[in-house]
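Read through the structures below before going on.
Each of the next two complexes has subunit A plus one more chain, namely subunit B in the first and subunit C in the second.
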Partner chain A sequence: MHEGFLVYGGFRYLKLATLLSVVAIAVYGWHVPPDEPNGGTWLGYGLGSIGAALILWLMWFGIRKRRYGTTDTLQGWLSAHVYLGLSLIIVATLHTGFQFGWNLHTLAYSLMMLVIASGFFGIYAYARYPQLMTENRRGVTTDEVYNEIGELDRECRQVASALPDAIASLVLVSCNETRIGGSVFRQLSGVDANCGTTRAFDGIRDLASSAEATHGADIRKLISLIGKKSTHLRTMRRDVQLKALLEIWLYFHVPMSFALLAALAGHVLSVFYYW
Partner chain B sequence: MTENFDIVIVGSGPAGLSAAARAAQRGVNHVLFERTDHASDTIYKYQKKKFVMGTPDVLPLQSDMRFEAGVREDILDTWNAGLEEHSVNISYNCEVTAIEGSKGDFTLTVNGKETVKAKHVIMSIGVQGNLRQMGVPGQEWERVQYQLDDPLEYEGETVVVIGAGDAGIENAIGLTAQNQVVMINRGSEFARVKQGNLNAIMAAIESETIECYYSATAARVEPGLLVLKTPEGEAEVKCDRIIARLGANPPRRFVEACGIKFSSEDRSALPELSATYESSVEGMYVVGALAGYPLIKQAMNQGYEVVETILGHPVRPADQALLEERFAAIEGMSVDEVLEAIQTNVPLLSHMSRLQLREFMLESQIHRFKPKDTIFERNDFTNSVYSIVDGAVDIQINPNDPSEVVTLHSGAFFGEMGLLSGRRRTATILAHADSILVETPRRAMLKLISSIDAAKRVIDEAAIARQIQTHLAPNIDPALLDEVVSTATIESFSAGDVVIQEGETSNDVYLIRSGSMMVSRRIGGRDVVLSYIPAGNYVGEMAMLTEAPRSATVKATVASETIRIDAGAFKRLLEREPVLKREIEARFQDRLVQNVETEQRPDSGDIIDFLVNQGLGEATDVLLIDEALCVRCDNCEKACAETHGGKSRLKREAGPTFGTLHVPTSCRHCEHPHCMSDCPADSIHRAPNGEVFIDDKCIGCGNCARGCPYNVIHMAYPPPEKPGLLQWLFMGMGPGPGEDKTPREKPAGARETATKCDMCKDISGGPSCVSACPTGAAIRVKPEEFFSIITSTKSGRA
Partner chain C sequence: MFYPFFTIGEVDVDLRLAFLTRRAKGGVSTKEESISVESVRIGRGTENEVYLPDPRVPLRMAVMHHTATGLYVEAAGTTDLRLNGNVVRNAQVAVGDVVGIGPYEIVVEEPPEGKDASISVELVQPMGDDVKELLARSGTSLSAGGMSKRLWAWLLFLVIVVGFVGLPIGGQFLHSGDTSNGPAGMKNAVSFDIAWKSGEMLDAHKFFADDCAACHQTAFKMTTNEACASCHSNVRHHADPVGFPDEKLTEARCASCHKDHQGPRPLMIENQTVCTDCHQDLRNDVPKTTLVNVSDFGTDHPQFRPTISTDPAKDIWTRVSLDDSPKELSNLKFSHTIHMDAKKMRLPSGGTKQLACASCHVEEPGGGLMRKIDMETQCADCHQLTFDPSAPKRQVTHGKPKVVLRELREFYAARALEGGVVEPTAPAAVRRRPGTSLSVPERKEALEWSRERAVRAAAYMFSASQCGTCHVVVKGDKPSDWTVRPVRLTERWQPKSVFNHAKHSDMQCADCHQAAESKVSADVLLPKIETCRNCHGGGETVSKVPSTCTMCHGFHTDDQPPMVKPKEMAQK
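Then we have the complex of A and B:
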C-alpha cells in the first residue's frame, strides 16, 4: 500500500535520470573537441546549461515544499529531486571536461558535490531512522512520556518529603536539573553527561547504605521511581537524537546549496566576461 | 383555594417565553411556570459569552419577544426585559410534577404540593430533562453538585467524582490540575466511553493521579465525607466536594405520564402532534425542542402560533412564505394543494401529519427534471432520498450497459440504498419523462424513519428487494427474485455480536447492508482473523454451497444490519440461473484462496483487530501513516493548517501505532457518522465524494465533538488574520507558515465552532496532508483497500 519516494511511480525519475546520464556519456565519448574537452565547446555549453538549469530547478524544491494544497504530490517532486540531483554528478563532471584548478569554477563544482553528498546522507537518514524512532518509542507519544516523567517527579517529591534532607535535595536535583535535548551537540549525542537524574540516582544509592532502617522502604521506592525515570529519559534522548539526525543534514544541505547558487552565478558571469 | 388560568405554560425556554408573552399581550389570564430560579435554563447554562446563533437565517421571527444572534448574556437580558415589558406572569422555582384532567379542566401539581387549574396547557419543557441525583441520605450538603462549568474554579480540594461516563471522566481529568481527585465507578471497568477518555483515565489511575473505586456506589453523605458501598463492605472517603455526573432523565417519562402519546418506542421518537401542535390530549399543546424543533427561533415562533391558535385567531405559519418559494417550481398550485398532492401521490410520505410534512418539505427540495436529465450517478457519495411526485425515472441496473434500465413511476422513491449503507450510489438514475421529484436530505429522512413506523416498513420492504438485486444478482430479472426477497429478513447486530458461529449447521446467507464484518477461525486455540468484509458484500455462502457446517465465525465489527437470505430459496434460484451460480462459486473459490494466504500470516488477525478498534470498520476513508517512511517533518500538519485557516485538523503524532502502521488523530469519514446524529443546526454533511464536513451554520454546541468516538472534532475560535510572508519574516508579526494560529484566549464574543477534517474537498489535488508528504508515508485508504493493508503491513515488531 505505502510506497516510498525512492520507488515512486515505478522508478520514473530514476529512469529519466539514467537516460540523461547515459546520453551525456555517449555524446561525450562520441564528440571530438577542437583541442581538449572543456566547458567552452558546444557540448560543454550544452552540458553546462543543462546543469545550471537543473541546479535552479533543484533549489526551487525548497519553495515548492511550502506550497500547500497542490494538485501534484510532494512525494513525486522529492523523487525527481533525488534522482535528477544525482544525475548532476555525471552532467556537471562531464561539463568540466576534468579541468580542475584553484579557481571559482572548481569551487562551484565542489560546493555542488558537497550538496549532493549531504543529499546522500539525507537519503540514508530517511531510510534508516524513521523505523528506529518507532521501535524506540514503542507506540507511546512524546507527550505521554513527558507527562509520565512529570508524574514520576511528583511521586518522588512526595516520597522524599519523609526522608532526610540529603536525600530530599538529591531528589530536587533530579527534578530540576534534568534536561532533554538542548544544544545541537547534546541532541545529537543522545546522552547527557551531567544528567541530574543520573547524579541523583548515584547519590541516593551511595547514601542508601548509611540510611536509617526505618527509611529503607521509602528509599527503595525512590530508587525504583528514579530508575523508571531514567528509562524514560533514555527513550526520549534517543528520540531527540534520531529526530536531530533526520534534520541536521538539511542545515548543511540548504545553506550549501545557497552558497552553490552564489558560486554558480559567479562562474557563469566570469565565463561570459572573459569571453 | 386553587387558582384558575386560561393558559398555563410549563417551562420558560424560548418557546414558553414567547407563548407567555403572546398570552400577556392578548390579555389572557395565564401563568408561566419555571422549575429553576431564572428564565430559560437551557440557554442560561450555555458557556459564558457563548455566541448564540439565529439559525435558520431564512426563517422570519414571529414573536413578541426579541431575538437575534448574539452573545448569551445579551439574549438573556433582552428576554428578562421582555418579561417586564409585557408583564408576563412568571413563577420561578415551580416545577410542574403532574398534569391531569382534560380540555377546559386541567389540574397541574406544582413541586408535588400545590395545584392550579387550567383550561389549556402548553408544554415547553425542552429536552434537557432532569439531571439525575444521587438519591442517598445527606445529599443536600451544599457541596454536592451535578454540574461542573470550569474545573479551574477549584483549587487544593479533594474532589470526589461519581459517574464513570464521558462527562465524569472529563471533569475528573480537568480537576486533577489543581486538586486531589477520587473517582467512583459503579462498574468494574470503564465501559462505553470514548477511547480518548478511556486512555486518559486509565493513565491517570495507573500513575495514581486519580484514585478509583470500582464496583462502588454511594451509600450516604455527611458534610466532608462520602460513605461508599463496595464489594468489601463500607468505605469512607473524606472530601471537600462531590461532583455527581449521573446523566439526565429524559423528559419522556413525565410527558407520557401526562397522557401524551409518542409516535413509537424509538428513543428518538417525538410526541404525536396535530397541525396546530395539539397533542393526543385535547387542549394540551407541545412546542419547542420537545416537539422536535431544536432551534431557538423555531421554538419562539411556535410559542406565538400556539397561543393564537388556542384563542381562535387565524395563524399564518411563519414558514408559509418559505414553502411558497420552495414550491415555486410547480406553477398554479397553492402550498396546501402541493402538500396534498405529495401526500396522495407518494405512499412513503402519506403517514406524516401536516405539521411534520411542512417541516419535512422545508428541509427537502423540489426538482423538475426533463427526460434524460441525470439525477445522480453511480459512485456519487450523496445520501438524499428522492420521491417521485409526478413522472418517472430510469435506473441503470447494469453499469456496463446503460441501456438496461428499470423504470420507476409516480409514487415510488429511490436513493435509499446510499442512505442505509452510508456508501456510494450503486446506480446511475436518469429522468424518463418530465418529472417532479422531492429530494430529502439524510437527516430529515432518518427523522421520518424513526418517528413513523409505517414509513420505515415501506422503506425496508423496497430496500430488501433492491439490495438483493444490486449486490447479489445484478443481472437477473427482478421477477425471478420474488421468492428470495419474500423470505428475506433484516437483522441488526451490535459491535462484536456473532452473526455466524464456526461449527454451526445453519446455512443461510447474509448480505451486509450496513456496517462491516470480520471473519475468523479458531486455529491452535487462537482466533485467527481471515478477512474483513465491508457493507455491500455477502457472507455465509460457503456453508450453503458445500452443505458443510460453518467453517468460520463471522462477527460484526460495528453496529451493522444484514439481510438474511433463506438458503433453500437461494439454492432454488441458483439451480435456475447457472450463470449466477458460476459467479457465486468463483467468488467462493477466491475467498478460499485468500483465507489460506491469511492463515499463513498468523499476525494478520492482530492487524485487523487493531484497525477495527481504530474505527476502520466504519470508515470510508482513513489517514494511515507508515512510520518506516515518515521522517517526522510534520509537513502534513502544516499543509492542513495552511489550507484550513491556520488550524490543523490533524495531529500526526497522537494516535495508536501497530508495528509501523500509525493511525493519526484524523477523521475517518464514518459510513454513519456519529457526529451527524445530534447536530441541531444540521450543519454536518457528506459531500458527493464522501467527505464528512461541517458548514458555516455551526452554532458551536459541541454535540459533534462529544459524539465522535475518535476525538477528531475540535471546538475552536476563528484564527486571527494571517500576516503576509514578508511581515512575518521581517516584523515577526503573527504566526508563520504552517504554525498553529488559534488564539490561546477566547476573544470576547467570539463564536466557537466545530472544526474537523474535510478531506480538502474544495482543493482539486485532494487531501493536502497526503500531497504534502515528501516521502509517501501518509496515504488515505478506503474500505475496499483495507485488505491489502492487512497483507502488506509489516508485523508488529515494535
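Then we have the complex of A and C:
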C-alpha cells in the first residue's frame, strides 16, 4: 500500500504535528507582543527557530532515504516528513506575524509554501497513481509488454516480406519510428500525435483496398498485428504518463527545497546582519 | 541452367555468388553458389537471383548484366543505388567496387577460374533488436525527458545565494566609505540590500530608507542609540539616571520601544506593559519613589493628583489627590457661580450678560493648554479700575500695585495745577478758575490737597470693593507700601501628562467641570479619574476607548539629561 505512510504508527506523526500546531496557535493567541506580532519577538524567534530546524530536518529526508541498513523504517520517516512538513504551514505563518512584503523574508516563506504545496501533490500522487498503474498494466510487467511489442514487430516484418514495397515501408515506419514517451510534455500527455504505428496502421488500411487479392490474407494479418501493437503502446504510454505524474512533483519539490534552503540561510543571515 | 525470361538473345554469365555472414565472435562464414544467367536480379522478392530478405529492400531493387567490358548494374525501381558511396542509377562496375543496396553491400571480386564474374553479398546494417531500439527512441522517464533535479536545485540555490546574499553584502563593501556617517553621509543610490528590508519604514524615515547602514551601522550588532541620536540628539532620559540608576532605564535601547519597518504608523510602542512592567510594583522596587503604582488606566490607576499652589506666600506647589478635596490657594478670589449667573452680571454700561465658559477659557492653538486668563481683556469690561466719579473713564494700571499711588498723585497734582476742581471740600486754590496763576502759599496748599486726595483714592482702590474684590490686599504702614499678593494661577495642572481639549470638543465643558457650583476659587474643578473612565478603559478594554499609558504620558522627561551623552555623540 503506497499510502501506508499516512497511517503509519497509528497516525503517530499526525498527532505530533497537530500538537505542535495547536501549541503554536495557542501561544500565539496568548502572547501579547510589545508591538505588532512579528518575527522579532521572543515568540517570533522561537517559532522561527522551530521552523528553520524543521526545514533542515525535512531536507535531511533526501539524504536519509538513500541510506540503507538503519533500524528505523523509511515509511516512518516519510510519515514524519509529511505531517511535520504540513505543520510548517502553521509554525512559519505564525512566525511571520502575517507581515509580508517584497523582500527576501517573504521570498523564503513563499518558496516554503510552494515546496509544501508540491509535497501535497506528492501525497496525492502516492495515494492514487500506483494503483492506477497496476490497473493499467493488468498484472503484466513493463518488460513483458515491451517484449511483446518487439515480437509483434518481428512478425509484422515477416508478414510484410512478401508484400508490396509501399506496405513494407509502412511496416518499417511502425517498427522504426514508433516511440513511447519522449519529451516531458509528451510523457505527461500520455499520447503521441505522430505515432509511427498509428500512421502505419492507417496507411496499410488505406492501401488494403487496392491491394492484390493474393495479398489479402497477409494484409489482414498485418492489420491485426499492428492493431494489437497499438493497444500495447496505449498501455505503455499511459504507464509512462502515470509514472511521470508520480515523479514530476519531485522535480519541483527538490529544486524548490534547495532554493528555500538558500533563501532561509539568507533570511537568517540578513536578520542578524542588520540586527 | 535455363532462365526463360531473361536469356533471349543474350549471353549467359557464369557468376560466383557468395553470401557472407559475420559471426559475433569474429570470422566470416560464406555460403557460395554458382549461377549461370543472362542478368542477375536483386531484390526482396523470392524470384530474384540475389534474394535479399529484408523489408528495407524493395521487391525488385536492381539488375546486373554482363557486358563485354564487365559487369553493369542498374536500379530496377525508384530506389537509387550507391557505388562506392556515391548515389547512382546505373554504373559499370569493376573488381573492387562496392555497390550499396539498401542495408546490403555487394562487392565485385576477382572471378575464380572458369567464372565470368564473382560478387559477394553481405548484410552490413542488420535490423537490430527491436525492443532495444524502441527503448532507445523512447523517453520513459522524466530524467530521460531532460529534467534534472540536481541541475535546478543548484541553479536556484545559486541564484538566490548570489542575488539575495552575495549582492546585498557585496554592495555594502562598495559603499563602505559612505555608511558610517548616518544620514549626513547618505547616498540616494538604491542598494541591493533593500531586498532585506523587512517592512515599510516610518514616513519620517523614508528620506533615508534606502540606506540601511544609516541605522544598521555595524554588521551583526543591534542598532545603537547613537545611531538614533545622530538626528534625535535632544531626547531625554525617563528618570534621573544618577538618582535612579536602573539598567532598564540607563541601558535602554531606543529600538526596544521604537521599532521601524512596521509601516508608516507612529514608531512608538503603545503597549502598556512597556510601562507597567516597572510601574505596577514601583514602590516595592524603588522605595524612595513618590510615584504611585499603576498597572491599568481602567482598573489600577491612582486618582489624579494635580500640582497646585498650597502656600502662595512661599510659592510652594504640591501634588494633591482629587480625593483629598484639594484647595488651591492662588491669592485670587473668584466665584464661578456668580459669574455664570446672568442676573448678577450687570454691565457698567447697563444691562446684564450671560457668560459662557469660553468667554474666559480659550484654548491655545492645538488644544493642548488653555490661554492664560488676562484681566485687561477678560475681566476689565466689568471690573473697571476707576477711582474718581468726576473722571469716570480714568483707570489705574492693572497688575502693578506699586505704580497705582504714583499714578493717582500725578492725576490729582495735575488737577490741582489746572484748577477748576468742583469738589466743595477742596481748597479755593484748587477750585480757582482754570487759567489763573497760583501764589506760593497756594501752590503748597494745592500740593497738599492733591496728595491727600491721592491717598484717599488709593485707599478706595485697595479696598474690598476694588482690588480686594479679587485680590488679597496687603496694607502696610504707608500707602506707598500697599500692594496685592501675587496670584499663583495654575498653568498646567498635571505637568506629567497631556490632555487635549481639542479632541474632546464634542463634549460640553460641564460634562467634566462642575464650575457652576463653585463659589470659591480654591475649588479645583478638574474631573476625577472616574469621569474619564466613563469613556476610557485600560489598554486591554474591549468596551471602552482603549487607553494605554502613552495616550496621556510621555516616556522622555523634559527636565532630565539627554539619553545619549553629548560625549558619545561627539565621537560619532
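What we mean here is this: the second predicted complex is superposed on the first by the 272 of 275 C-alpha atoms of A that agree within 3 Å, B and C clash if a C-alpha of one lies under 4 Å from a C-alpha of the other, contacts with A are read in each partner's own complex, and residues count from 1 in each chain.
Following the convention adopted for this analysis, a residue touches a chain if its C-beta (ideal position, glycine included) is under 8 Å from a C-beta of that chain, and two chains touch if they have at least 3 such contacts.
Note that the structure is a prediction, hence the values are computed from the model and not measured.
Once the complexes are laid over each other on subunit A, subunit B and subunit C both fit without any clash. In the superposed model, A:Asn176 lies in contact with subunit C only, and not with subunit B. When the two structures are aligned on the shared chain, A:Arg205 is found in touch with neither subunit B nor subunit C.
Contacts of A:Lys243 after superposition: both subunit B and subunit C are touched.
Our angle of interest has its tip at the CA centre of subunit A and reaches the CA centres of subunit B and subunit C; in the overlay it is 140°, to the nearest 10. Using the contact criterion defined above for the overlaid structures, shared-chain residue A:Met133 touches subunit B, although it does not reach subunit C.
Once the two structures are superposed, subunit B and subunit C can be ranked by residues of subunit A touched, with C on top.
Of the two partner chains, neither subunit B nor subunit C is touched by A:Arg220.
By the touch criterion defined above, A:Tyr251 lies against subunit C but remains apart from subunit B after alignment on the C-alpha atoms of chain A. Once chain A of one complex is fitted onto chain A of the other, the partner contacts of A:Glu144 are limited to subunit B, with no touch recorded for subunit C. Once the two complexes are laid over each other on the shared chain, residue contacts for A:Lys15 go to neither subunit B nor subunit C. Measuring only between alpha carbons, the smallest separation of subunit B from subunit C in this overlay is 8 Å.
Residues 147, 243 of subunit A touch subunit B in one complex and subunit C in the other.
By the touch rule above, subunit A contacts subunit B in their complex via residues 1-5, 8, 65-66, 68-75, 77-78, 125-126, 129-131, 133-135, 137-139, 141-144, 147-148, 151, 155, 243, 246.
Put simply, subunit C touches subunit A in their complex at residues 44, 46, 53, 55-56, 58-59, 77, 127, 129-131, 133-135, 137-142, 144-149, 152-161, 164-165, 168-169, 193-200, 212, 216, 219-223, 256-257, 259, 262, 269, 271, 273-274. Residues of subunit B touching subunit A in their complex: 203, 207-209, 624, 626-633, 635, 638-639, 642-643, 653-654, 656-658, 660, 662, 737-738, 760, 763-765, 768, 770-777, 779, 781, 785, 788-789, 792, 797-798.
Residues 32-36, 38-40, 99, 101, 103-105, 107, 146-147, 149-150, 153-154, 157, 160-162, 164-165, 168-169, 171-172, 175-184, 186-187, 236, 240, 243-244, 247-248, 250-251, 254-259, 261-263, 265-266, 269-275 of subunit A touch subunit C in their complex.
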